[in-house]
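Both complexes below contain chain A, partnered by chain B and then by chain C.
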Partner chain A sequence: MTLVIENISKKIQNKPVLDNVSFELKNGEIVGLVGRNGAGKTTLFGTISGKLLPDFGRVGLDDLDYAKTTWLHDQLFYIDMPENWFRYYSPKKIKSILKVSYENFDESWYDSEIKRFGLNNSKRIRNYSKGMRALFTIIASFASRAQYVLLDEPLDGLDVLIRDQVKQLIVSQVTQHNTTILIASHNLVELDTLVDRILLLKDQTIDRTFTIEDNKTIKKYQLAFVGEELPAFLRDSGTIITQTGHVVTIVFNDFSEELGIKLAGPEFKFVEELPISSEDVFRASFAEEAFAWQQELEVES
Partner chain B sequence: MKQAIKLYTTIRKNQFIMASLLGIFLIVFAVGSNLLFRNIPNQETDYELGPVLMVVWLIVTVIVLLNDQSRHLDTWLYTQNISRGQLFLTRVILMVVGPIIAASVIDICLTAMLEYHNISRVLMVDITAAANLFFISSVFIGIFIVIGPNWMKAAGTVFTFGAGIMVGPIFNNVLGSRVNTDTRILMVTIIAALVIFIAGYYCAINISDDTLDEAVRIRYLKWPVVIFVFVSTLTVTMSNPNRNTVGTFLAGFILPLICAAVTFGFIFKPTLKVTWDK
Partner chain C sequence: MAQIQRNRPLYEQLMWRIKSQIVSGVLIIGEKLPSVREMALIEKLNPNTVAKAYKALENQNVIETVSGKGTFVRATDGFVIDEQLVASLQQQLGEIIIEARRASISAEELHRWLDTGYSGYLNLQRRTHDTSH
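Moving on, here comes the complex of A and B:
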């Protein structure tokens, strides 16, 4: 089964938040969703899950219209973070509700994970720490045994040890149950270690889908220039991440052969290509905005 | 539908138990008083349990519905394997129709056991109360769906029923001349309630959760709500018989204008820019 998101558009208070968003999620995939703050990630999650009604477009499970086939809704788990109804109930009560709601709810796994992480079964979730609340939400999500799980900032507020456990939970969920997981996160370093591909939400739409391994157009370089001034073409074609004296680390959004020839020229003492990460792709994608801010800062100072 | 009822009763199990206990307490109290006072001469044994039970249970309904929204339960229920329409119907059946019917049945059964000679009168009282409360519930459900934030729902409900109580007698006079029997009034009340419920159902299936923070969640109803506030307040102020001079007549517009302006402010959130720049 494939979850198909087709030309979804959504305005909130007359302001377009999503515009023609389209992508597909296949079984057993872990997909990251990144974008700037307020880019519409949570709105997209809300629209996929049925919480929000799209102005245009379709969410489908293969050829079926997901919104109209409510009997299939236990195949998708999504809960708002951090404000949700879990806060007012204990894990015990939540289990009784989720058992009715999700046909394949795995009660024994739920109980064992609650026990493993030492979560108090009769204490209301709002009395848990922020990290424990996030951990509980992930346990509840996976215990639902829904085919599709949408996680909004799942690693937010977790300490390193719990974060490792959660990442392990995510991976084992996918390997053992072939679950498809869509993760929205600002923590791109963590995403790199988890996801198969990343969807970048920019200008109200999916601007690009990328995998670090298959990426050909985005390149990261460390280089030292010769003259007093940074060669102008660098600013025009890339995003400068750091600059210490004459040494610059730069990401090129659309690396071309012509750019390679320029870098091999006499203007540079040395040029070295560095391994690229999702953060680099993110920076490169928002190079114009970062450049505009940089200009503003320079004008102010 | 079965899944919607099962899910909602599981979530609200504790509240249903609480409402039942409250009902049992009222029944015991009513039956106890009846048995205690029935042998005392000239003592009224009319306890009107049915309407009391209906009102108490409908108050629980109001609290539960407001609670559903503040706990973000509505939001989650929209993502579940029940449709928005099924959720609406489940709530109407379990929280409005159920309590009204249960209260009537309990009252009629107890009357049949304890005061059989009164049964036809109690039956009439229960039917009248049921029809009126069904109508009041339909208006509340309408407000619950159309108005966004909980405090505005509460304020809207108080305003609507307050205006209704004051304007009611005027309409009764008008209606009374046209609808001249109690049965017809009951029929009109029930049909009006059903129409409001059907409108509520239509709105419930088409409202997206992103409008939850808006004062009026349906665009087309924003101006009608402002006009409703103005007209209902105006009807109340103008019903005062002392407005027979131009001055008092114009003064009658002050309160409606203030109420309508405040409502307009909450609904349309106009921003006034005060600046010295040209």
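Moving on, here comes the complex of A and C:
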């Protein structure tokens, strides 16, 4: 089964929020959805889950129309974050509700995970700490045994220990049940160890998809130049990540042999190629804008 | 003129770690490796990077993937000797010997290094023997 998002457009109060968004999710994939605050991530999730209707386009499972196939609605799990109906109920009560909505609801797994993480079964979710709430949301999402699970900022504001637990939970569930996950986040570094590919939502649409390891032309170097001034060709052909004195870390989007020859030239006294992370791929693809954004995020956090 | 140094790509670094763990006996023949996703979390790498390393190790007959079961360390005995690999290792060793002589490192010293390197390997042989019972 494939979840198909086909040419989705959506206006809210006459303002286009999504414009011609298309992508597909295959079974067992973990895909990241990255976009700045207000880029339309939550609207996209709402539209996929059927909470919002698209003005144009189709959300479908294979060639079926999701909106018209209510018998398949327990194959997709999405819950608004951070505010949702969970908060008024205890895990015990939520279980009885989810059991009705999701045919394959895994009651024994749900109970055992609640116990394993020491979550209070009769306490309302709104009285949980933020970390416990996040854990509970993940447990409820997977207990639904839906094929598709949409997670909106599941790691947001969690401490390192809980983040690791949430990540492990995601990985073990995907491995065991071949679940397909779409994770919205504005934190690339966080997604790096989880996702198979990243969709970038920008200007109301999926601007591009990127995968680490399938690019050959992106290269990252640390180098020390000889003269007083940074050689001009560097700025023209790459994105400078850091510069301290004569030492520069730079990502080249489109590395060529010609560039390699220049780097081996007398203008540099030290050149070292560095391994590439998905953050680098991201930076190289979006050069200036991404850099400004990353800095903005670093200031925020 | 600068000489370009090349850091090993992340997937090669992972291959190297796995190989050295096999050779030193930390990983035993037949042992199951973490799944690609688990390994990605453990090693703080992207799943694609881990998949690439696993694929390359499979091609080198270091590990094997049994579909539905997982990825396992492969037995070293019984597989065809890769003549290309042997030739390339010989060449690399030749280069190391030249550099070592230039640095006035004695043959005895170099032998000692080899012995230290191989003591881990001998370990592995013993362990393999144990597990076969």
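The rule we apply is simple: the second predicted complex is superposed on the first by the 268 of 301 C-alpha atoms of A that agree within 3 Å, B and C clash if a C-alpha of one lies under 4 Å from a C-alpha of the other, contacts with A are read in each partner's own complex, and residues count from 1 in each chain.
By our rule, a contact is a pair of C-beta atoms (placed from the backbone, for glycine too) under 8 Å apart; a residue touches a chain by one contact, two chains touch by 3 or more.
It should be emphasised that the depicted structure is a prediction, and the values quoted were computed from it without experimental measurement.
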{"item": "Combined model on chain A where chain B meets chain C, clash or fit", "value": "fit"}
{"item": "Partner chain(s) touched by A:Gly260 [first = chain B, second = chain C, both, neither]", "value": "second"}
{"item": "Partner chain(s) touched by A:Lys51 [first = chain B, second = chain C, both, neither]", "value": "first"}
{"item": "Which superposed partner A:Leu64 touches (first chain B, second chain C, both, neither)", "value": "neither"}
{"item": "Partner chain(s) touched by A:Tyr88 [first = chain B, second = chain C, both, neither]", "value": "first"}
{"item": "Chain B versus chain C as contact partner of A:Val247, first or second or both or neither", "value": "neither"}
{"item": "Least C-alpha distance (whole Å) that remains between chain C and chain B when both complexes are overlaid", "value": "29"}
{"item": "Chain A residues within the chain B interface of the complex", "value": "10, 12-13, 43, 46, 49-53, 70-74, 76, 78-80, 83-85, 87-88, 96-97, 100-101"}
{"item": "Chain A contact footprint on chain B (complex, rising order)", "value": "3, 6-7, 10-11, 71-73, 75-76, 78-83, 86, 206-210, 214"}
{"item": "Chain C to chain A touching residues, read off their complex", "value": "1-11, 13, 35, 37-38, 40-41, 44-49, 51-52"}
{"item": "Residues on chain A engaged by chain C in the complex (per definition of touch)", "value": "30, 164, 167-168, 171-172, 174-175, 192-196, 211-214, 223, 260, 263-266, 268-278"}
